[in-house]
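Presented sequentially are two complexes of chain A, the first with chain B as partner and the second with chain C.
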Partner chain A sequence: MRAVPLAGLLAGCGGVQSALDPAGFEAEQVARLFWAMLVASGVIWVLVLGLAHYASGRREKPWSQRDAGRLIVWGGAVVPTLLLAVLLFFGLRLMPELRAPGGPLRVHVEGEQFWWRVRYHPPGGAPVESANALVLPVGQRVEFSLSTRDVIHSFWVPALGGKMDMIPGRTNRLVLEPTRTGEFRGACAELCGASHALMAFTVRVVEPAEFEAWLAREAAPAAAGTGHAGEAAFLAHGCGACHSVRGTAARGAIGPDLTHLASRPTLGAGILENSAANRAAFIARVDEIKPAARMPAYGTLLDTEIAAIAAWLGMLR
Partner chain B sequence: MIIRLTLRRIGLGLAALLLGGLLVGWSGVIYVGASGGHWPVTEWFLHWVMRNSVRTRALALEVPDLSGPALLDRGAGHYATGCAPCHGAPGERQNPIVQASLPPPPEFSKRFDPWKPEELFRIVQHGVRYSGMPAWVAIERHDEIWAMVAFLEKLPRMPQDEYQRLAFGPEGARQPSSGLIGIGAINTGGPAPPAQEALADCARCHGMDGRGRENDAFPVLAGQSEAYLREALLAFSHGTRHSGLMQPPAARADDAILGQIATHYARQPFAPVPHPPAETALLEEGERIARQGIPAEGVPACLSCHGGAALARNPSYPALHGQHASYLENQLVQWQAGTRGGGPYRDLMGTIAGRLSPEQNKAVAAWFARQDKASD
Partner chain C sequence: MLIHNRRHANLWTLLAPPAIWAVHFLLCYVAAAIACAKGGGPWVDLTSLRWVILGITLPALGLILVAGRQARRHWGFGTDDPPHDQATDEDRQHFLGYATLLLCALSFVSVIFVAMPAITIADCR
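So, the complex of A and B:
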């Protein structure tokens, strides 16, 4: 029984969503600063306890007023000021590097209730619409512009860097520079409403060439599924009023773009594995799976129709 | 003799009263028959309590504008089948069976108490306990109850021919024996009996051609798909769509007959309603919502489900073009108030309608009313 909470604690030290297992420039700097501070504060803690032990137990004659005054001035004012000044120096020195402008690729992320609208702005190319999943090239500084219309979120990928708030009426900047490939997880770090705990996303960091290929695929219309029964049901029941599946009659812009839904690892903003069963469950019971989501539940459709839509969405790679 | 009041004696006395009361009730000597009537003092007391209750509970009500012929049409259509059997009507005497109930419902041609409109509203909405007067089937549909009040205000001075025209429609009123039987005799190539009789009931208000009256009292049914009409009728019949005007007639017919009625009206040729006047800015706003929605509020384009291509893909969604603006706006208001209910798709429209403002309701309703055909 003891092992469970301990394992839970240690899980925070590594894995897809840990600032202590950095995979980005900013996260590395912050992690290095964190470890240096942890070691230094450990040393200071030992020194202070040693001094207290000496003063209360070992030393037999009382402190003179002059010695006590000196100890307070040095131990209480001068040394802490010097230590904090050193810390401030290192902290300030990091900031220009972390704030340095990003490369040519820009990504706009808009916080919605409760999902992430993602728009890639490749240099010289048309914007590419996506949602709830990021793919980033390793070794490149990518500038994020973060905004929202009607909700407050905080955008955080602990393994890469951040976090940065999304506030209505503002566009905030954040630059991330992944330093190794892999799969990571981001989350909303600001209580945003009923589905705050269900407000996550995946980040896949890949080699630049692979990223270019992925972006070209993401920009293309949906390849599979034309004429599928699921497509007919999707369109007949009005799903296309809110969702776009480029290459079909579905051109809505209210909800997440589903053109390449099948290529995303998760559903519902990082909360469910992207399987046919989960897609069907999300369609039928979104109100239970994602409280306060703005999509109505479609449980009234026939099970066969829901299964067909889930199957068709699974073909949209 | 002096009896000292102690707690014990008071308790014993109350217990004896209670026991005695139960004993009298158990013995069966209390007369509960309707014949013979109340003692005058009982009658006075009951009526006094009822009048006071209605008066006090109507205090906070605000009376809307009750003028205009549409409210009279709606109220009269319901009165003919919902109220006249007990209260009589111009040209229809009260049934002697009803007169023998206690209290006998007032025959309105002989006695119409001077209730204020808001008091009539309370009585129609909630009925009267222990009197046989039922509550409105959908007490949350205030719009319908006010229509009933508007009609009742005019009823005491209403000539017979006007009443019959309002309650049975121009087709029904022309028949020698007016009303249901009369209109049922009209042969317009509709279904065979017994669906013919049910259809006659519908036609009193909606007309055989599904175009309703010359005003905007009733929605246009001609041009709707069979699937939509059937699902709407079943929703009324099974109580998932809430209306004191439509639930009773839908429940009078069985599901198979409702299907035949849907078939009949789906076959009637569509004709848009006369264009009501509307400001250009309002129509432009309505068109923008219909075609593009309001993305900032999460409102998708209306036409993505109610446009031509969408209606062809899913006949369960209603056509909105050429429908009365007042009807469309009222439906949006009912969605927003959570009082509408509906067919199998009701949760979808309920979700979306809640994101429109009253001005946007008006704009989008005005635009759809002016469309002669489905757009995309």
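So, the complex of A and C:
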């Protein structure tokens, strides 16, 4: 029985959003430093408790003032200073390595209340607009430029590296280098409003060739949908004023680009499974699903229209 | 001089070592900020600044050692154990000397920690 809570605790060390299960160069360095510090802290803890046990119970004669003074100077000042110096040195040595320049691919991510605007800048190609889901090539250093126009957000993919704030009026740099393929999760790490906890994104790390193919698909206009009832309803109700679906008349830039919505694993910035039922629920009740989001709830639309829009969005691969 | 050949300890001699740390910190920080702001980009080579920081750090450490020597004399070379809490001139001197000596140790380590980034960081990233 005792093993059950421990297993529950250890489960938190792995998975798609754990700094202790690293999948990137920076995360690996930080995790290594963490484990080294944890082991060293454990050793010090055992030593201190052992000494306390010895001093309070085992030792029969009292400490001389001289010995006590020495213990305080060495155990309380000299050794901690040396340990701190070693930790500081390792931390400082890591900094230039982690900030080394990225490869040719740049990705601009802009924090919005409460989603992520993503723009890929492939070398020599036109920018590719996307949102709420990242796809990255494995083994390549990718440089992120991070900005925001509303409030402070923070961009964090724990499995790949450290977090970096997005601050209005500034553009911050972050370089991530995924070291293995897989699906990971990132989150906003700075309280940014009512739906801060509902502001996440998915990261899919793939082989470079697969990435190139994916980027070419993402750059293309939406393949499906011309003449679909959902497309007509989407345009008739003005959804295109805020959302873009390239290849249609929808050119809005206020909300997330929906051109390839169906190819994203999640809906609403990493919070819902991307299913027709969830898309319909999001359209009708976004105010409940994502409080304080800028999109109004469209519960007044006919159920058939909502279902048609949800179905059409599901065709935008 | 405040840190050398003072007959008696007072609050000024007590404050001298942390003041050396503060001035050293400001000089390093401001020099790096100016070098990076005027350099025009994150790739500015900081080799000369790193030598400047070494050139500020060694004198700062030296001054703290000198202050420590004086503090040890004011403390009475440890002939008398703390807490030095009697209302006598001698105990007041020993107390100030001892406190200054401890502040010297703290300032010495702090100056080293402030200068340590210059060992590993070579540009403005």
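Throughout what follows, the second predicted complex is superposed on the first by the 306 of 317 C-alpha atoms of A that agree within 3 Å, B and C clash if a C-alpha of one lies under 4 Å from a C-alpha of the other, contacts with A are read in each partner's own complex, and residues count from 1 in each chain.
By our rule, a contact is a pair of C-beta atoms (placed from the backbone, for glycine too) under 8 Å apart; a residue touches a chain by one contact, two chains touch by 3 or more.
Computed from a predicted structure; not experimentally measured.
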Considering only touches as defined above, state whether A:A77 meets chain B (first), chain C (second), both or neither.
-> second
| task | Would you sort A:R149 into first (chain B), second (chain C), both or neither based on which partner it touches? | result | first
Counting residues of chain A touched by each of chain B and chain C, the higher count belongs to B
Tell me the contact category for A:L88 with respect to chain B and chain C: first, second, both or neither.
second
Per the contact definition in the header, classify A:P296: touching chain B only (first), chain C only (second), both, or neither. first
Which of chain B and chain C A:Q65 touches, first, second, both or neither: second
Item to check | First, second, both or neither for A:H237, with chain B first and chain C second | outcome: first
Q) In the superposed arrangement, does A:I254 touch chain B (first), chain C (second), both or neither? A) first
After superposition on chain A, the chain A residues reached by both chain B and chain C are none
The answer for chain B against chain A in the complex is residues 293, 295-296, 298-301, 304-305, 309-310, 313-314, 317, 344-345, 347-348, 350-352
Residue set of chain C touching chain A in the complex reads 42, 81, 105, 109, 112-113, 116-117, 119-123, 125
The answer for chain A against chain B in the complex is residues 149-150, 232, 235-238, 240-242, 249, 252-254, 294, 296-298, 300
Per the touch rule above, chain A residues touching chain C in the complex are 65, 77, 81, 84-85, 88-89, 92-93, 95-96, 99, 173
